[in-house]
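So that you can tell them apart, the chains are marked A, B, C and D in the order they are listed, and the count of residues begins at 1 in each.
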Amino acid sequence: MANTFGHLFRITTWGESHGDAIGVAVDGCPPRLPLEVEEIQKELDRRRPGQSEISTQRREGDRAEILSGVFEGETLGTPILIGVWNSDARSKDYDHMRRVYRPSHADYSYDAKYGIRNWKGGGRASARETIGRVAAGAIAKKILAREFGVEIVGYVKQVWKLHADVDPSTVTQEDVESNIARCPDQDMAVQIIERIKEARKDGDSLGGVVECVARGVPVGLGEPVFDKLEADLAKAVLSMPACKGFEVGSGFGGTTQTGSQHNDPFYSEGGGIQGGISNGEDIIIRAAFKPTATIMQLRGRGRHDPCVLPRAVPIVESMMALVLADHALRQRGQRGSV
Amino acid sequence: MANTFGHLFRITTWGESHGDAIGVAVDGCPPRLPLEVEEIQKELDRRRPGQSEISTQRREGDRAEILSGVFEGETLGTPILIGVWNSDARSKDYDHMRRVYRPSHADYSYDAKYGIRNWKGGGRASARETIGRVAAGAIAKKILAREFGVEIVGYVKQVWKLHADVDPSTVTQEDVESNIARCPDQDMAVQIIERIKEARKDGDSLGGVVECVARGVPVGLGEPVFDKLEADLAKAVLSMPACKGFEVGSGFGGTTQTGSQHNDPFYSEGGGIQGGISNGEDIIIRAAFKPTATIMQLRGRGRHDPCVLPRAVPIVESMMALVLADHALRQRGQRGSV
Amino acid sequence: MANTFGHLFRITTWGESHGDAIGVAVDGCPPRLPLEVEEIQKELDRRRPGQSEISTQRREGDRAEILSGVFEGETLGTPILIGVWNSDARSKDYDHMRRVYRPSHADYSYDAKYGIRNWKGGGRASARETIGRVAAGAIAKKILAREFGVEIVGYVKQVWKLHADVDPSTVTQEDVESNIARCPDQDMAVQIIERIKEARKDGDSLGGVVECVARGVPVGLGEPVFDKLEADLAKAVLSMPACKGFEVGSGFGGTTQTGSQHNDPFYSEGGGIQGGISNGEDIIIRAAFKPTATIMQLRGRGRHDPCVLPRAVPIVESMMALVLADHALRQRGQRGSV
Amino acid sequence: MANTFGHLFRITTWGESHGDAIGVAVDGCPPRLPLEVEEIQKELDRRRPGQSEISTQRREGDRAEILSGVFEGETLGTPILIGVWNSDARSKDYDHMRRVYRPSHADYSYDAKYGIRNWKGGGRASARETIGRVAAGAIAKKILAREFGVEIVGYVKQVWKLHADVDPSTVTQEDVESNIARCPDQDMAVQIIERIKEARKDGDSLGGVVECVARGVPVGLGEPVFDKLEADLAKAVLSMPACKGFEVGSGFGGTTQTGSQHNDPFYSEGGGIQGGISNGEDIIIRAAFKPTATIMQLRGRGRHDPCVLPRAVPIVESMMALVLADHALRQRGQRGSV
């Protein structure tokens, strides 16, 4: 089960960062969904390294191919296999790492678990594994938009100590894509970009918070006990590399308020989920990312990111879409409609 | 799958808060584990309403019965069914709620999902559902202690704006149980208890943070992708009622640091997990609980808690134990040993 | 997963034959299904020991209680917990078995697996475990009838070398219940009853075949690969005690025909399933039961059955209903309707 | 879940018969298993069309590629992705089938389920899907042999009305591979080959029975209730295309015996499974295959098989290996050793 996510809408990712290829098998997709590889490619390009001057300069084409499950432009209802061939792996860059455990990486714990690892790179722990998630997420988003009227928008909410001011009820993907920081607060975006450039120059790295909103979610998604909507979203978010925290609605901030403040009609708890089940309001989640571990003196020519936040946006969106699509199909199964 | 948690060590909880009984089926427990009902009862008593002057005055015996899976004091390896009969449900207290949706409760979303609910109480969304988790958690803790050398200690880290100072590497359950706030920082415990009493008097409620540490965790537990240890812990934590946030290691606080600070050998990132897999260090998680919703003017005689934090401690411990026990058995399956 | 069956409509059975109680948790049931305990009891009475002169004389009330998931006569959509308390266990009957492995029983393999067993009886391997299946099957049948128009009828097709002649397209439950053999071929029923009485007198036992038909199954249930409808039915059937074989459609008999005969429009292959997916025709399955193992000289006063076939009928029906209900909900989830 | 099989050792197959590629993702494989692509290729060659004069003349190279999960000749413990590119699909052969539903095929039920299908061929219902099973089965067999001492041998037991005489306790793979019928009874093999040639000449097809034995199975594999070893084997077998029946041990034949005969120490019930759990004896299963549906006048140039039995042998072996490997890892997880 380790590499599979979801129940009715279910994905299995495969591939190592420095192997031949990487990708995903998507199972349970509704049939007759119009699907072109370009729609998937568009999302992969948002995740791709080397896309802007503030991301890693490791360049990869990351061209998606659909190998099964789509016929004459429509999904068949059978597994969709999407692969990306690794072209710019440059494994020689990593030869000096053969016997080194990088700090804050999974190198040691991997060896301890399996007694073996592909020392050329992060293997399955690499951020490249998220290619499969984003490809599957593109499909999940399309199901949600077409069959359930759901729209998902993610954005950079915070980098280091710089907090953006964003209204989740109105923010658009165009706002997000209008700058390379993927921060729809344009003034703060300028500062964030400057701060990331500074960190790159210093051989340092920065963490931050991605916020993501789902609008138009039907009431009734999620289950009352273990498969609460917020529980599955938390798992989805924490399964991303470098993620260290999750919040829904009032989150950690809400803990310092009293119940009378928290329930005040003028102070909305938000979150769009009550008792594990969507209530029709916007669902707002936040994911905390630590600063990336590989700093200049250790990474040699590893070409890692000074700040993963802008590239994490489509990944968070994808994970949210996977959870909502799965729960939408589950609710339709139990109730007969959504 | 909605009411089932875990893969090899797997539990299914059942029962409504105001039904006849409530409980859990535990599947996949190793055989020949010595088990007495008193061990389970002891943990239930830590979770029980009415246990101290700062918890709800709703009093319930919450007496556990083991109906299957144990024979002559040992587990059989077959499902263990544990039930608690509801004795003090006092459903008449809730008659005036029949047509009322309580704010910050799941009443509305439940109706929207199912088209029906047991209006006498929170049904499956009630905190009483956690009885089954705590009963199963007692078994998980015992497996972890006997077969894997793991010890789990949870405690109140924060109530409202009051933050305790606790060393997770040395805190003991005796420290935790030494006061009714379950806060091992004795000075802060006094202030917390006073603040909760004040909230009760005002008909108000308080949220906060429970921290939980697992010590002695073998290296190699957790999976590199979706079933990362932190991902399953996040799901476990967010599946608890009233929980709004999760952190592991440096969490949200770590996002304001630079990579050079974060990886500094003198500033430990902590968390005990790298790339989803335990590294042998202490695993430290935090769960944010919102202030409970039912405030005086609405709850009538519902007798809810001014602050759920002290009673949440054994529940957080149980959820952490369920995740670690499941992953320990899974690792033993794939590798042959742990 | 060992004690859980199904995906969206999912049951977990619990309890040992000589423990305190035995039962089932039913998860994923559609809400607002009218449900009375008498409907479940009626099916349990068909499965009950001591119901006729040709079944075991072990007498048990087997009174079902619904402990959760039903409110004011309707399902809540939450787990339904059904229990039966063991009243006539007479465990002293089994004291002489403490150190004996009964032939053709699971005693030895149980000990080998777990290193422990409840030697007072068959434990989880006992036919009493099927109480939970029949209780859950009663619910599944009702869902199928009300929401999908499916009717399921099982009957004794063969006992020992006595083969009944039954038309699956027209047989009714009334036909089946018209004699204690549950064989709708009335002439053959007389012979079967005589043969069972003779076996009892001789301290011997008889096997046979139960056939079961599902009529009105919507087209499109089942999945094309591993979760083929016939595959899940085969697992369901072979998970019953004493079952040694499964057939769908032309089964083993069809292997001796040529393709031109087999596909002949005048010789219907039957089975109602093509490529794993229902095609709208009647689905006909057969389950082979070995003669029960405990023969006179070994069982002492164990009071076992000379022929389990009549009592197996409601169990086979239940297993078929569980599979079809689960697949109906799954199809509704993926497609939006059935 | 529809395209995934297994719990701890888990496979997901993907690809349509006339798409670009077809294959499997294998999850949960123990790390450090030596694995070369040639070992997988060898098994695929046994399954391959066009391998002998009595199989279909459709020729395909079916060259396996390992795209992930293996590093320097050893498994990494992470998902192993194996793909086979379709080279000889000749989709033009099928253009005349665009609006035809072939009898005894899944064409109609597919359309009914999904509202769409790849009409160029059988899609996921095609026997080509079993490539992924055989590739994964090669890995499962190796795990079983190296870590658990299990050997699996399958063979043709019956074609049409021709029954072979084989001793499952001594038959070797060399015996099986010594003739193109894969029938170790050499005299009967000659007759079977003649009968298949005759059927081909007549544009007809033949069904039959594959028997498969697992020797050296440790005691204790399998679970007492739903995941009985025979139940998972039955599902595995019935999930193969064209399979209509399953038997373990005495099967349907045992139903005509009395208990005293069946339990007679001189008449071994066989089966190697008691109460769902392996008892250390040989496990013997049988799979019934109907005669293939596409007969001359309908199939045009589709080049289908007059008798799938010889090519089904490695598929049955693979399905048995997948079940046993999964249960071996599960038992190791729950008990700590096997």
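In the analysis below, a contact is a pair of C-beta atoms (placed from the backbone, for glycine too) under 8 Å apart; a residue touches a chain by one contact, two chains touch by 3 or more.
Since the model is a prediction, treat every value here as computed from it, not as a measurement.
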| item | value |
| --- | --- |
| Chain separated most widely from chain B, comparing mean CA positions | D |
| Of B-D and A-D, pair with higher C-beta contact tally | A-D |
| Chain centre separation (chain A, chain D; CA means) in Å | 38 |
| Separation of chain B from chain D, taking each centre as the mean of its C-alpha atoms, in whole Å | 45 |
| Touching two or more other chains - residues of chain A | 1-4, 7, 13, 28, 31, 77-78, 113-115, 123-124, 224, 331, 335 |
| Chain D to chain C touching residues, read off their complex | 1-5, 7, 13, 103-110, 112-115, 122-125, 129, 158, 160-161, 199, 202, 204-209, 219-228, 230-239, 241, 243-252, 254-263, 269, 271, 273-280, 288-293, 295, 331, 335 |
| Chain B partner contacts - residues on chain C that touch it in the complex | 1-4, 7, 10, 12-16, 19-23, 25, 27-28, 31-32, 65, 67-69, 71, 74-81, 83, 113-118, 123-124 |
| List of chain A residues in touch with chain C within their complex | 7-8, 28, 30-31, 77-78, 147, 224, 329-337 |
